[in-house]
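Going by the order they are written in, the chains are A, B, C, D, E and F; count residues from 1 in each one.
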Amino acid sequence: MKNRIAVYPGTFDPVSNGHLDLMKRGLEIFDKLIVAVALNPDKNPLFTIDERVGFIKEAVKNWTNIEVEFFDDLLIEYAKRKKADVIVKGLRAVSDFEYELQMSLMNRRLDSHIETVFMMPSEEYSFLSSRILKEVALLHGDIRGMVPPGVAEGLERKFKGL
Amino acid sequence: MKNRIAVYPGTFDPVSNGHLDLMKRGLEIFDKLIVAVALNPDKNPLFTIDERVGFIKEAVKNWTNIEVEFFDDLLIEYAKRKKADVIVKGLRAVSDFEYELQMSLMNRRLDSHIETVFMMPSEEYSFLSSRILKEVALLHGDIRGMVPPGVAEGLERKFKGL
Amino acid sequence: MKNRIAVYPGTFDPVSNGHLDLMKRGLEIFDKLIVAVALNPDKNPLFTIDERVGFIKEAVKNWTNIEVEFFDDLLIEYAKRKKADVIVKGLRAVSDFEYELQMSLMNRRLDSHIETVFMMPSEEYSFLSSRILKEVALLHGDIRGMVPPGVAEGLERKFKGL
Amino acid sequence: MKNRIAVYPGTFDPVSNGHLDLMKRGLEIFDKLIVAVALNPDKNPLFTIDERVGFIKEAVKNWTNIEVEFFDDLLIEYAKRKKADVIVKGLRAVSDFEYELQMSLMNRRLDSHIETVFMMPSEEYSFLSSRILKEVALLHGDIRGMVPPGVAEGLERKFKGL
Amino acid sequence: MKNRIAVYPGTFDPVSNGHLDLMKRGLEIFDKLIVAVALNPDKNPLFTIDERVGFIKEAVKNWTNIEVEFFDDLLIEYAKRKKADVIVKGLRAVSDFEYELQMSLMNRRLDSHIETVFMMPSEEYSFLSSRILKEVALLHGDIRGMVPPGVAEGLERKFKGL
Amino acid sequence: MKNRIAVYPGTFDPVSNGHLDLMKRGLEIFDKLIVAVALNPDKNPLFTIDERVGFIKEAVKNWTNIEVEFFDDLLIEYAKRKKADVIVKGLRAVSDFEYELQMSLMNRRLDSHIETVFMMPSEEYSFLSSRILKEVALLHGDIRGMVPPGVAEGLERKFKGL
């Protein structure tokens, strides 16, 4: 029997209930799930790396076999260092699919021992992208039920007075 | 540590090197892989169910942790009966993606405990579909290197004299 | 104020809860909705035209401003005869989208006065296609909650003993 | 008979003949069309909100049942305030389609009483996107016939000497 | 200077003005264009191979540097026999694109010396597919302006009395 | 016999082996290929226009019938000035396809005498986009075999110490 470690990478700016749904699904299949928050300074994220990691840690604090941390090197190098076997990615839309497919072929070229597997979030979260979430929260739309409570507060704080 | 059983379903009419590539990748991740050949009488397959199962068994005869059989009931019922945790599907193109996404949401509705994960074959097989293979073989195109030797012979036999 | 009549065409083989969801949405916008069941003998439908019309009539019998009937001529001619202003179509997936876009440009060429508008079913029905429904029902999968009760019985009857 | 008010939102930076074509089609179906120009300061538009509203007002000055104004809150809140029943969006390409689909599911979640309907511009405008228009105008390409005269002048003024 | 021969293959069941538009565009670029009509007995075409070849010959009878004939072997073998350098294909929609891409990678594998190039028909024909054409003609829709006159008559003859 | 000149435009920031593969394929078909590097100051390229032109010149220095230069006006004007007959573009993914299709319809509108033809790179480069290349190089991933040697050095130099 294999001990399977999976890395679930992303910017998580911020984490949504769709991301959490995918983490649960990943944990059903793999023995351990490492949520890996990419630093991504060039994407100019809304929340700092500490905030982004913090939101996820808070949301999964009662879960087991899950680890949350940031990384700032090449995903495939990070995954190797963590002795991961698998990279897990969520797929919602065709446009996701094409970029992820290219990225995973690149990763396979860089290291042929780590496979990428794709999973789908529940269809009730299929419309949830971090980009749309932020657009709605900026204009004070009600995003409860789409993000964990800590993130809802964080977004409110960020956009108050705008 | 979990003992993970995956089902890889398909019509496999006939099995190609792209399918075999995906089986190898699945075996890297899961503890056991069950290749499940769908009867699909309404799709009017070129090869009988026995031929299709036979081609795969021959091609993987020296592999371990793999089982090949046919099924004729609902995939999700079959997977439950086999105590599988995961359904594995290959993704090559956007059009694959949409149908597979709908099918896996349907399967999730029918049984919420079995997840579908998607994996990609090597890009050297990205153009290989069973449909195109048969179109080429029918016109006596050289399909060696795209299918296991037994299938190449089988196709030649089927289309001789046409 | 305009009196807006919309035609919602389809094969409806059989009608699903996704179709009914779209009908409700259409009735919110237009003054009258005509569900137009295409004869489509060449598509070799599972249910007869009378069965398909009957299932819908039964499901909407308590609704107002809705009419259900079959048609066997060109959609655009039928719509003109019914004095319709609009054709309503559902969109779920990219593959739907492309065919529907071509069809609606063709209809615009045939009669420039009738517009096609596209609406989306609820995401809980986004995975429901009549094709997948029939595949599942044929293998005795539980499709309650996906179709109106009359259709569930009809499918059971059709596939009993298979 | 219902009095149907539709909102047609966009950045309109600048308005093109494809947008005007869609407005005409919207007016054929709905009793009143409100063209709602989004402020979008973060998108860094080429034209100011006043210029963008002005170009449209000039182009539709002889039309009836149409209103043009800007909005800077959540689209769905704006639509409610205007007592609109429907949001109208144009669809040209698959990539439009996916984002619009996500956005309209988000809007449905925020307010379930306002539907989004999608319409297609004439195929002679199917290649016209504001992004491509600006790329061409920046390099002094001839964009007459693609935009109303006021916009052609505005683009020329903006890019003179560049 | 090279003498460039291009093959433009298809079922052409029947030829449309969109196909003719593409032939003209191909002739602008290549020195000779061979329109190659695939026998395709398994696709159950509406018109016989002689009718399909005849319609095209009639439509291009005053053109130069064009040849029309049928073929019943592997496209790539046929192209080699005709000493062609290039296979020309039309692209209208994303769904075309994926199948054509797979097919052209397959052809490249079978013979690496013949390239496939894709061209676009005029946008006024972008909605024209032979499938939709036949659906409309079967129901006596007016397809003049979409096909050459001989094809319009042929379709009328085929579907008279249906 | 025609003397066919093709323009292959792009930002080439930086050139990859996928681009070079496409240039070779273009040279097989056309008599002369002009690689036209777009200035694109608004895209904020990583390498200067001189660096980008230089990398390509170095990589193709032993090839014949090829010319490399930059351009800063409208592509279609540039192509006319170079007496080109054809614009060549590479197609890898559906998302490429849609933008390129819109752009080529725009170019056809601006000058109807220059056709755009699409070609496919070898599938071993199908995952290579300049965007993904730079993401990997920034994090010191090994990109040899994906770019010509000069580019590998250039990327290393750019990202040293980051």
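As a working rule, a residue touches a chain if its C-beta (ideal position, glycine included) is under 8 Å from a C-beta of that chain, and two chains touch if they have at least 3 such contacts.
Keep in mind that what you see is a predicted model, and the values were worked out from it rather than measured.
Asks: Chains shared as neighbours by subunit B and subunit C?
Replies: The shared contacts of subunit B and subunit C, listed by label, come to A, E.
Asks: Check A-D, A-B or E-F against B-C and flag the pair whose interface repeats it, over half of the contact pairs matching by residue number.
Replies: A-D
Asks: Farthest from subunit A in C-alpha centre terms, which chain would that be?
Replies: Farthest chain from subunit A, going by C-alpha centroids: E.
Asks: Would you kindly tell me how far, in whole Å, the mean C-alpha position of subunit C lies from that of subunit A?
Replies: Taking the mean C-alpha position of each chain, the two centres sit 38 Å apart.
Asks: So how far apart, in whole Å, are subunit C and subunit E when each is placed at the average of its C-alpha atoms?
Replies: A distance of 33 Å separates the two centres.
Asks: Taking each chain's centre as its mean C-alpha position, how far apart are subunit C and subunit F in Å?
Replies: Centre-to-centre distance between subunit C and subunit F: 47 Å.
Asks: Can you tell me which residues of subunit A touch two or more of the remaining chains?
Replies: Residue numbers touching two or more other chains: 94-95, 98, 101, 105, 123, 126-127.
Asks: So which chains actually touch one another? I want all the pairs, not just one.
Replies: Those chain pairs satisfying the definition are A-B, A-C, A-D, A-F, B-C, B-E, B-F, C-D, C-E, D-E, D-F, E-F.
Asks: Which part of subunit B faces subunit F closely enough to touch in the complex?
Replies: Residues 94, 123-124, 126-127.
Asks: In the complex of these two chains, what residues of subunit F are touching subunit A?
Replies: Counting only subunit F, the residues touching subunit A are 93-95, 126-129, 132, 136, 139-142, 146.
Asks: For the complex, which residues does subunit A have touching subunit F?
Replies: For this pair, the touching residues of subunit A are 73-74, 76-77, 94-95, 98-99, 101-103, 105-106, 109-110.
Asks: In their shared complex, at which residues does subunit C touch subunit D?
Replies: Interface residues on the subunit C side: 1-4, 25, 28-31, 85-86, 91, 94, 97-98, 101, 104-105, 108, 113, 115-120, 122-123.
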